[in-house]
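Multiple structures are listed underneath, in structure tokens.
Common to both upcoming complexes is subunit A, partnered first by subunit B, then by subunit C.
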Partner chain A sequence: MSITSFQFILFVIVSVTIYRIIPAKLQWVVLLIASVIFYISFSVVGIFVLIATALITYYFAIQIQNQKDMLSSWMTAHKALATKEERKEKKEYYGKKQRFYLILAIVINVFILFLCKYYGKLSINLNHTFHVNIWTAENIILPLGISYYSLQLIGYITDVQRDVIQAERNPLKVILYGVFFLSIMQGPFNRYETLMPQICRDKKSKLDFVTAKKAILRILWGYVKKKCIADQVGILVNEVFSNYRNYSGSAIILATFCFAIQLYADFAGYMDIMAGIGQLFGIEIPENFHQPFFSRKISEFWQKWHISLGAWLKGYVFYPVLKSHVFKDFGKWLTQTVSKEAGRNIPTYVGMLILWTLIGTWHGAGITYVFSVGLLQFFYIFMGKITAPVSAKVKAALKINEDSLGWHVFQSCRVTVLMMFAWIFFNSPSMKDAFGFIGRIFCGGINVSQVTQIFTEGSALAGISGAIFMFYILLCAVILVCVDLIHEKGVSIRDSAISRGYIAECVLFFTLIFALIVFGAYGSQYNPSNFIYFEF
Partner chain B sequence: MSREEIFERLNLVFRDVFDDDSLTVGESTTAEDIDDWDSLHHISLLAAIEDEFDIEFSMGQTVKMKNVGEMVDYIAGEL
Partner chain C sequence: MNITKKIIRGCLTALAFVILFTLIQTVLVPQYGSDSTTKVEGYYALEKNSVDVLFVGPSQMFCTVDAPRLYNEHGIHAYDFGASDQRLSMSYYYLIEALKTQNPKAVFVEVCEIFEPNDTIDDSTVAWNYAPMRASTDKYRSLLATFQGDKKKAFEYSYVPLFAYHSRWNSLRLTDFVYYPWFFFVYDGADRGFTSEENSAPQEIVFDKTAASGEFLQIPVENQEALLSMNELCKENGIEIVYFKAPSADWTKNESASAKAFMEGNGLTYLDMNDYLTEIGIDPNSDFRDENHLNSNGAAKSTDFLAQFIASNSYLR
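Here is the complex of A and B:
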């Protein structure tokens, strides 16, 4: 059931209607059934892997909770009589058991993720490189959304161990947390403590007319981003990236720029659709984007792009690694032997390297992912940190006003160019292709005929002339920038339209509908592509 | 140790970690209020506070604390 299909829209309408009719205590059951139906429409076998993973996590979370409850009972019973040492001993005893169950659950989750997502490619590479014949796991399927639900379930059980939440006693609710259809395909990563209280309510949340209008406008804007911007721009991007040897100079640069537009419109468009549907259910899902292209630094960009992934990794990988005894001891050793500065910074950089390698690996088993959205990002941030003192001196010498608009624009452009460069690797099948693609940038210079050619070929699919297609792509970029600029100023276009009355609402509503009908990528020649992040 | 004394010592730690002698934190100060207080500095800050007060922040506390006031609550509870 494609998100852009009529069946999906019908599925949402039916689900929301039933959800809103039945009593509050049963609403989560509707979401569970809807989520399972949605999942099965993509993969029947995958649902068994998901349920098994959720039940294993559920079981170990209960075991951890039992250990916590036993410790708590002992403390209550012996509070007055027990010595400090006895209390410490009991805490350590039950703490060890909790850590054992937590580690076991994490190992099982990671093992299933590794087996389904990474093992196949790794084993083929090993067989090819070392001329061995190890099992290649050809029959193992890649369950839909495994990269998302595995991490969410690890987050859930870790939060139980950290006392952030109590273990859920109903296994079906843990399954729902894993399979929740608004997040299963491309995120965002939900935290159990924020998502589940919204789903499992005692009292019904009311869907008022204004919220419904806002939700529908957001869904429509999401579809416009996907169908009218990402898919149309994608025609040009696919043509150039697939046949980069035929293009050079300006055409290659144009495709690189267009891929940034495509990726953003595609991913953020999906999030708008899901967040809008969430509003119809009375569920607020976390925002994943916050005008990322206005960032001044790469580190800031990653706080505004795929926000929930960064937040997950920060809370469950980065902080625990840096707070581990190994890293603390490493830091102390550096402080004593090198300097205070080194003791503070070097462990952080090592932690960052681990973090970025994981982010890259999370996107896929290929080296292009590990490099583009992993190691290269670490390199950017690391260089930014170590060159900061020199950069400050240069800015002071040149008397650059850091608060000026011009400087902000320069910094945002720099971030965008660095990300566009990284995404060349992200969108290339191999490192060789990526370097080949980059090499073509320096051949040919400004080649108007090639640029015209890609627009003409792209426009043939879109069914319009090359000149109009070129104007259309430019318009897409301008619209995205303008909308983000308005949002950056703290203004919501939807809220403004609704507050201005029916005429403004209708203008916005019908403009979006008109754009979808007229500019959306459809037709027999059009091959509807999945969302880019669907693969992860 | 009184809350004021905790704040006094905490301010010295903040000034040292963020390398800013004019920095003063209050109950409602958050990471949003200090330019350099990102995830990289957060762990360095907690490590410095742990050393200063001879306490240890659990992982739950590391991710749960929402402002300096909550940090002080935790420190006061541990002392």
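Here is the complex of A and C:
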């Protein structure tokens, strides 16, 4: 069931209607059934893997909770009689058991994720490189959303162990948390403590007319981003990235720029659709984008792009790693043997390296992912940090006003260019192709005829004339920037239109609907394309 | 806001949506001025039951049959109801559509596409043949056959053509915006579906492709079904039906023989005009626009021949 199909729209309408009709206590059941149907529409076998993973996590979470309860009971029973040492001993005993269950659950989750997502490619590469013949796991399926639900379930059990939440006693609710259809495909990562209270309510949330209108407008805007911007621009991007040897110089740069537009519109468009649907269910899912291209630094960009992934990895990997005994001891050792500064900074950099390697690996088993959205990002941030003193001196010497608009624009452009460079690797099938693509940038220079050709070639697939297509892509970029600019100023276009009354509302609704109908990349002239992050 | 106001507002919104949708659809669905759109619109504009002889088929039909001449010279009310590259399954649909408003005495179906299977139909052929036609279940059924059972596509092209043709936004011309107003005020249907090639320079056509290879050609099943269905439909309505092949240098002898064998085998009336080129008076050097299409000189001669054929077989009695 593609998100952009009529079946999906019908599925959402039916689900929301039933959800809104039945009593609050049963609403989560509707979401569970809807989510399972949605999942099965993609993968029947995958649902068994997901349910098994969820049930394993559920079981260990219950075990952890039991240990906590036993400790708590013991403490209550022996409050007056137990000595300090006895209490400490009991705490350690139950704590060890909890950690054991937690580690076991994490290992199993990671093992399933590794087996399904990474092992196949890794084993093929090992066989190829070392001329060995290890099992390649050809028949193992890649369950839909495994990268998302595995991390979410790990987050859930970690939160149980950390006392952030109580373990869920109903296994179906844990399954629902894993399979929840608004975030199973491309996120965002939901925390159990924020998502589940919204789903399992005692009292029904009211869906008023204004909220419904806002939600539908957001869904429409998401579809416009996907079908009118990402998929149309994607025609050109695919043409150049697939045949980069035929292009050079300005044409290659243009395609790189277009891929940035495509990726952003595609991913953010999906999030808008899901957030809008969530509002119809009365569920607020976390925002995953916050005008990322206005960021001044790469680190800031990642706080505004795929926000929930960064937040999850920081919360469950980065900070725990930094706070671990190994890192603390490492920091102390550096302070004593090298310097105070080294003791403070080097463990942080090592933690960052682990974090970025994980972010890259999470995207896929290919080295292009590990490099583009992992190691290269670490390199950008690392360089930014170590050159900060020099940079400050240069800025002071040049009397640059850091608060000026010009400097902000320069910084945002710099971030965009750096990300565009990284995404060349992200969108290339191999490192060799990525370097080949980059090499073509330095051939040909500014070649107007090639730029015309890129539009003609790219557009030929959709029967579009070159000049109109060029104008269309420019318009897409301008629209995206303008909308983000308005949002950056704290203005919501939807709220403004609705508050201005009936005519403004109609204009916005009709503009989005007809833009989608006319400019959307659908029908027999277009190859149906999935969301880019669907792959992950 | 009270409930009445809400209902009025809702109705107004829906109305505005429908109007906008229709306007955009009118612009984006392709219009073929002086071609299939004009022919189809002209047909719909005809007075009811005013056609004696209906001609159905692709461009070879409407470049061969000079319908205005049939009336002016021979007193036969005829209409060329066709579109370029029209396949036989489409001709069958055109015939169904035609019989909704007309009750002709005879129907002539041009069969140059008899050996072309439906899986070779391209987007242009679909647009030429279906875009101007009105939405109906018959259109849907015909499109279903054209798209080989793709229900979604057939539905879009039949009932919401905006979804099918939306990507034309990038190739719109001024004529797409002005076609309908222009059509409303200027069209008089005088050409009755005929495409006159008066100004085209005479072509020297060589008939060497008519050599027989001895290979017997298979008629695709969908075309066989269409031929038999058209025959059945005309029988039910008491209409004489004649399958004919317009003069063409691209029509080989084994194509001719294979078509004839099928027609004879199924008791269908068939006229291959290529067998009567001398009687018609066709001059390969001056009567053709290209290998497959006659110019107006050739059309006049063929029309006179067809008029004679109609008279001699007493189709209008």
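As a working rule, the second predicted complex is superposed on the first by the 536 of 536 C-alpha atoms of A that agree within 3 Å, B and C clash if a C-alpha of one lies under 4 Å from a C-alpha of the other, contacts with A are read in each partner's own complex, and residues count from 1 in each chain.
Note that contacts are C-beta pairs under 8 Å (C-beta built on N, C-alpha and C of every residue); 3 or more make two chains touch, one makes a residue touch a chain.
As the structure is a computational prediction, the values presented were derived from the model and not from experiment.
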item: Superposed partners subunit B and subunit C on subunit A - clash or fit; value: fit
item: Which superposed partner A:514 touches (first subunit B, second subunit C, both, neither); value: second
item: C-alpha centroid angle, subunit C to subunit B via subunit A, nearest 10°; value: 160
item: Touching partner for A:318 - first (subunit B), second (subunit C), both, neither; value: first
item: Touched partner set for A:469, first subunit B, second subunit C, both or neither; value: second
item: Which superposed partner A:164 touches (first subunit B, second subunit C, both, neither); value: first
item: Smallest separation in angstrom, by C-alpha atoms, between subunit B and subunit C in the superposition; value: 43
item: Subunit B and subunit C contact sites that coincide on subunit A, given as residue numbers; value: none
item: Touching residues (chain side subunit A, partner subunit C) in the complex; value: 459, 462-465, 468-469, 472, 502, 506, 510, 513-514, 517-526
item: Of subunit A, residues touching subunit B in the complex; value: 162-164, 299, 303, 314-315, 318-320, 322-323, 328, 331, 344, 348, 351-352, 385
item: Interfacial residue positions of subunit B with respect to subunit A in the complex; value: 38-40, 42-44, 46-47, 57-60, 62-64
item: Subunit A partner contacts - residues on subunit C that touch it in the complex; value: 9, 13, 16-17, 20-21, 24, 28, 123, 153, 156, 162-164, 166-167, 169-171
